[in-house]
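See the structures that follow.
First chain A sits with chain B, and in the next complex the same chain sits with chain C.
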Partner chain A sequence: MARVETFYELLRRQGVSRRSFTKFCSLTAASLGLAPALAPKVAHAMETKPRIPVLWLHGLECTCCSESFIRSAHPLVKDVVLSMISLDYDDTIMAAAGHQAEKCLEDIRTEYKGKYLLCVEGNPPIGKDGEYCIVGGRPFVDQLTDMAKDAMAVVSWGSCASWGCVQAAKPNPTHAVPVHEIVKDKPVIKVPGCPPIAEVMTGVVSYIVTFDRLPELDRQGRPKMFYSQRIHDKCYRRPHFDAGQFVEAWDDENARKGYCLYKMGCRGPTTYNACSVTRWNEGVSFPIQSGHGCIGCSENDFWDNGPFYERLTNISVFGAEANADQWAARVGVGVGVGVAAHAAVSAAVRMTDKERHKSPPMPKGGHE
Partner chain B sequence: MSTTTPNGFNLDNAGKRVVVDPITRIEGHLRIEVNVDDKNVIRNAVSTGTMWRGLETILKGRDPRDAWAFTQRICGVCTGVHALASVRCVEDALGIKIPENANTIRNIMSLALYVQDHLVHFYHLHALDWVDVVSGLKADPKATSDLAQTVSPSWPKSSVGYFRDLQNRLKKFVESGQLGPFRNGYWGHPAYKLPPEANLMATAHYLEALDFQKEIVKIQTIFGGKNPHPNWLVGGVPCPINLNDTGGIGAINMERLNLVSSIVDQSLAFIEQVYIPDLVAVAGFYKDWAAIGGGLAGKSFLSYGEFPQFANDQSNKSLLLPRGAIIDGKLTEVLDVDLKAPDQIQEFVTHSWYSYSDETKGLHPFDGVTEPKFALGPNTKGDRKKLEAIDENAKYSWVKSPRWKGHAMEVGPLARFVVAYMSGRQDVKDLVDSTLKTLDVPITALFSTLGRTAARGLEALWSAKQLKAFNDKLIASIKAGDTATANTEKWDPKSWPKAAQGAGFMEAPRGALGHWIKIEDTKIANYQAVVPTTWNASPRDAAGKIGAYEASLLDTPMANPEQPLEILRTIHSFDPCLACAAHVIGPDDREVTKVTVK
Partner chain C sequence: MATDSSTVPHIAPAPDAHGGEAHRHLTSYYVYEAPVRLWHWLTAILVFGLSVTGYLIAVPPVSAEGDTNDLFRMGTIRELHFIAAYLLAIGMAWRGYWAIVHGQHARQIYYVPFWSLEWWKEVWGMVRWYLFLAKKHERWVGHNPLARASMFGMFTLGSTFMVLTGFGLYAEQAGLGSWQDTLFGWTLSLFGSSMALRTWHHVGMYLLLLFSAAHIYAAVRDDIMGRVSTISSMISGWRTFRD
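Let's look at the complex of A and B:
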């Protein structure tokens, strides 16, 4: 195997100065939510690491994850592909096709046994011997099983690979299953969302490359750094929720004022994702900012928890502190909590509705 | 054995079989098999869609107002097109009229997609069929700079240093032995014709386009909250407009409008100064491909039309690209298309992995039936665990065979532009005629692999200009005091009739897309999508007529069948989207119970 160039060497010969490189490392550290003191560690990693081979498989999917990935602004996807990883198989962008493409898989599997990262977009349908998704003349589920055997770890891109997503919505005609139901002897990192945010995707890859370890995961297998809090927890419209100021109909006066979309079905209160902070497409917006509720696209079974425009009935009480694990545990406890919580929310909504008609409301923080 | 199909193509499967699976640089999973004669000319072609997701089955019984979100997930590449077709079919079924601004914003979002999707197709899905990246390492940076400044005098990134730095970066990349997405490519293939300098310039623009495409989609993010998969709304658009009142910061305000305007201007500049000059420069070296890959092009084209200038008017008076069909090569006769006429659009499954009670007949989408039935024919080589060669005399694809009045049709940018040209649309005529003149080729050159690729580029330019026009229209409308973006009169399902049905269309970047819905008791009773790639990638129908992909590959000479670059060129010229193509409808409960779930 030829000696592999490091990320730092690549940057240097592109004419990037040492100083710019250090700055880049600080920004990378910041985008990963790390303390500034860790920036030198990022730099050290970039200076010494060869590019990690990445094989990106596609099962039943719509390619929205790949499309999201190429939207990454920091790092630019061009730099990820040319300088950070070695994307040796990805049928959406690779030059080779047919046998030449298949050979890439086999070669990497042999040359980098146990050292490549297997990224999976979409999922395997296991109904009817896997015939609903055939790649290279064989069922996708077989390709996935084979390539996972010698992988270092598996990344489940998006809600298809993480949970099943739309093709697994009832009645799941192809019996599509998430990757972790097929790959059981490797670490699986779930990066859910339909699609996931671009910088979350490249952030997960950068973290692995930079720190030479997998990110810390919550109990459901998602990186804590991006998925440990609800959209609602960090939503800039949260004060309107707390003040009982809600959009009542599309394009009404309250919609134009940017009030809370809870009554329009927003799933922000039950959705764990980074949208309300990291936002989309280089921070331009996120669904709530553009006037539509969150549909909960990073949550398991979100397609079957609709209709989307029906307001949530099982949301937690005001100001409750809950992380993903606690929330999952609570949902598991039973319906009783949900019903009680809904009653509390409804009461609050009724009360604050009345208040709103009297005087211009102010965020009250911590009432209830 | 040699046969002639009812649509006039000669097929001969006697020669050597060549299999390309997976076809890469597309959306989804596609397998192409061809037979070549002793001179390596393609004499038989077989297109097999190898995935099926069953989305329409999943839609049954759900809220019609949610359907856009489900159908949007049919495709994340042409994101939004299914969502728009979906909200239009629900609005058609329920008689919902949308505000003028909502129509304008939908057009802006769709045109932004056209520009971005065509750009990404040209540079990231198609360019490597024509551009030998490795050859660029031999280029002289000074000569590359001269070339760049000749083809696009006003594009700033054209200095000698710029190309030298890039070349150095590529050199080290290649020398590292880790070629990533360029690994095992067809570098040095005799079908590559560009000089090293053109290869280096095109590679530079491959990377620039990768950086820039993410800017264009921000337009969808502004109005729809995210991209891919922005948010849509039955009855309008979800984003309110608020320029002067309290809370405007959370709505479409002056800052947002300025951001849109800025991206619109940058997009037009990139298309005019990079995409089009590259397209013309590359095409100049591949004029022989103006006589290869025609197939159905020039014979049968279909377009549903797109970009209504006026809200709620979907007639050809309103549509900027008209609706129409051309058959039997009668280019000057553009025929009327009706999505609801039972005898016009029909789907056949004779060679698709589904069963009908009578497979000699096609079914209109309102009455579509789907029962998945996977089976390989008796002449298959290999088996379902390792398929070596498919038997095209039996069922051989997850894609159905849609036909218009019985005709196999080609759809896409070329179909749209030819229908518009032949309908006398002056803007399209001017654009096409001037390009043909620049390249010094006759109009028949359009009916080819190169013609499809050129039409897509011209449409990107046309779209960038329309994007600017609709952005101006939105601002003018707001200036005139209209800020409405949604009509909620029929939002409440209690206001709906007991039963309704509707059709919604959308010209997706890849071609004619239709959605059909039946609503009963406020729930979806039936849903069907017939999508562009279903038309183009379709297998043979009951009569044996072949679809656009299969027809286009015939008679193509291959330099080396082991390195199927020529197949990739022509198939990529259609911009395949297989996740779109393989879909299913469930008109009754039987099919679900027939699917084996282990």
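Let's look at the complex of A and C:
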């Protein structure tokens, strides 16, 4: 096997200047929350380390994760991030097709056993033996299981792979399940979002190749550096929330003033993501900044926690849907009527009971 | 069954108000010690306050007018909710301690003797009484078995659920690594998402309010028809049985 090119060699070969390369390393270090002194370490890693082979599998998905990834704000992304790793298989963007392309998977698996990173976009539907998603002539769930077996780690790109997303929303006809329910013996890094933020995706990959270790994960299995706080915690409209100033309707004066979108169902307070910090499209904006509430796309079950434009989510009881307040009103009326009726009957029974002042049995102390 | 001095009945001759037989007595038992009574009323006020502030957090009042810098309306509502929640949690912890070190009455709301056939028979007797199928019912110095079941199932478990999920929600703003997160962060994982945790915390509030409605109605009814000083016993500590 020929010596594997380093990132730096590859970049130079592609005509990237040393200066641009250094700038990229500094920016990457900054986006990972590292001290400026660590930028040279990033550079050093890229100059000396062989590229990690990455296999990018696609299950049941819409490719929005890939679309986001290739739009990473830094201009060098298409050259650098895709080159940092040795992207050996990605059926959406690779030129190869057919048996040879599939053979590539097998080659990497045997040649780089335990050393390659398996990125999964989309998820496996396991209903009807997996026939709802066939890749290379066999169910995607089989491909995933095979390739995960010898991987170093698995990265779940997006909400599909992390949580299930739209195809796993009720009633989930194909029985789509998130990757971590299939791959149980390998570390699974969830990078949720629909799609995830491009800088978050590149940041996670950069971290792994730079430090040769997986990022620290939170309780839900997401990298702490990007998912430890809610949109709400860093939202620039937060002062309006604390003040109690809300948009009451989409076209009211408060909407024009840029008040908090909480009452419009904004999911910022319940969504862990970095949107309010890194923003989107080279830091141009993010949903709340453009006047629309967050829909919580990086959260588990976000499709089922609707409606998006209401604060309270619907709770389904025996097929009937209503939010907690509406249920409480129904139950409350029932209890009110019940108590009143019971009280009325009690009074009637008492009035007609001639022995109502006779003694009942003497009290018992109760049981221990 | 252990009988300590607090359950020794005090018997006084009853006034013959309704033309009954002359030998009728008022029998009183000291059931609720002062700290338990204090805890009861404090908890009642806190549950009410937490429900009001909690509802306003989920469904905020009409937007405040004026300079954002001078306003802290939502912040104040949340602050009050958190203060009340801490008091409730401390009260709950303290009440648990009291149950451990004190007598049988203090422990009643913490479990139900579901393994005892005798107890189930007593529950059935109370169900019949509430369904007007029985003219008389047995009486107990402490809670009747049905009351005990509802207090355990709805209040004790319900309020514990609210404290656990409440701290789980509080951990979100306290941040990863805070003691609230370390001790209660798992509740979020349990429900799968922050939104689901909120929804169930909201449902829990209605469970406690439903319990309160049933609790107050049953206490008033029992006071009249059960011929027991159910209501004043939570004020004076003495439960008096008329007869």
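Keep in mind that, in the parts below, the second predicted complex is superposed on the first by the 292 of 368 C-alpha atoms of A that agree within 3 Å, B and C clash if a C-alpha of one lies under 4 Å from a C-alpha of the other, contacts with A are read in each partner's own complex, and residues count from 1 in each chain.
Please note the rule applied: a contact is a pair of C-beta atoms (placed from the backbone, for glycine too) under 8 Å apart; a residue touches a chain by one contact, two chains touch by 3 or more.
Treat the numbers as computed from the prediction; the structure is a model and nothing was measured.
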*Classify the contacts of A:243 with the two partner chains as first (chain B alone), second (chain C alone), both, or neither.*
second
*Applying the touch criterion given at the start, work out whether A:286 contacts chain B, chain C, both or neither, answering first, second, both or neither.*
first
*Determine, under the contact definition given at the top, whether A:98 touches first (chain B), second (chain C), both, or neither.*
first
*Check the residue A:70 against both partner chains and state whether it touches chain B (first), chain C (second), both, or neither.*
first
*asked:* I'd like to know which partner A:312 touches here: chain B for first, chain C for second, both or neither.
replied: second
*asked:* In the overlaid three-chain picture, which partner chain does A:199 touch, first (chain B) or second (chain C), both, or neither?
replied: neither
*chain B/chain C common contact set on chain A*: 259
*Which of the residues in chain C end up touching chain A in this complex?*
1-3, 7, 18, 20, 24, 27, 29, 58-64, 68, 71-75, 77, 104-105, 107-108, 113, 116, 118-119, 130, 132, 135-143, 148, 172-173, 175-176, 185-186, 188-189, 192-196, 198-199, 202-203, 206, 209-210, 213-214, 217, 221, 224-228, 241, 243
*Can you name the residues of chain B that touch chain A in the complex?*
19-29, 31, 50-55, 57-58, 62-63, 65-66, 69-70, 73-77, 79, 120, 124-125, 128, 133, 165, 168-169, 172-173, 175-186, 207, 210-211, 213-214, 217-218, 221-231, 233, 235-236, 238-242, 245-251, 259, 372, 374, 382, 384-388, 398, 483-486, 488, 491, 562-564, 568, 579, 584, 591-592, 595-598
*In the complex formed with chain B, which residues of chain A make contact?*
1-5, 9-10, 13-15, 50-51, 53, 58, 60-68, 70-73, 76-78, 81-82, 85-104, 125-129, 131-140, 142, 165-167, 169-176, 194-195, 198, 237, 249-251, 255-259, 275, 280-282, 284-292, 295, 297, 303, 306-309
*Interfacial residue positions of chain A with respect to chain C in the complex*: 218-220, 224, 228-230, 233, 239-246, 248, 254, 259, 262-263, 267, 269-272, 296, 299-302, 305, 311-313, 315, 324-325, 327-328, 331-332, 335-336, 339, 342-343, 345-346, 349-350, 353, 355-368
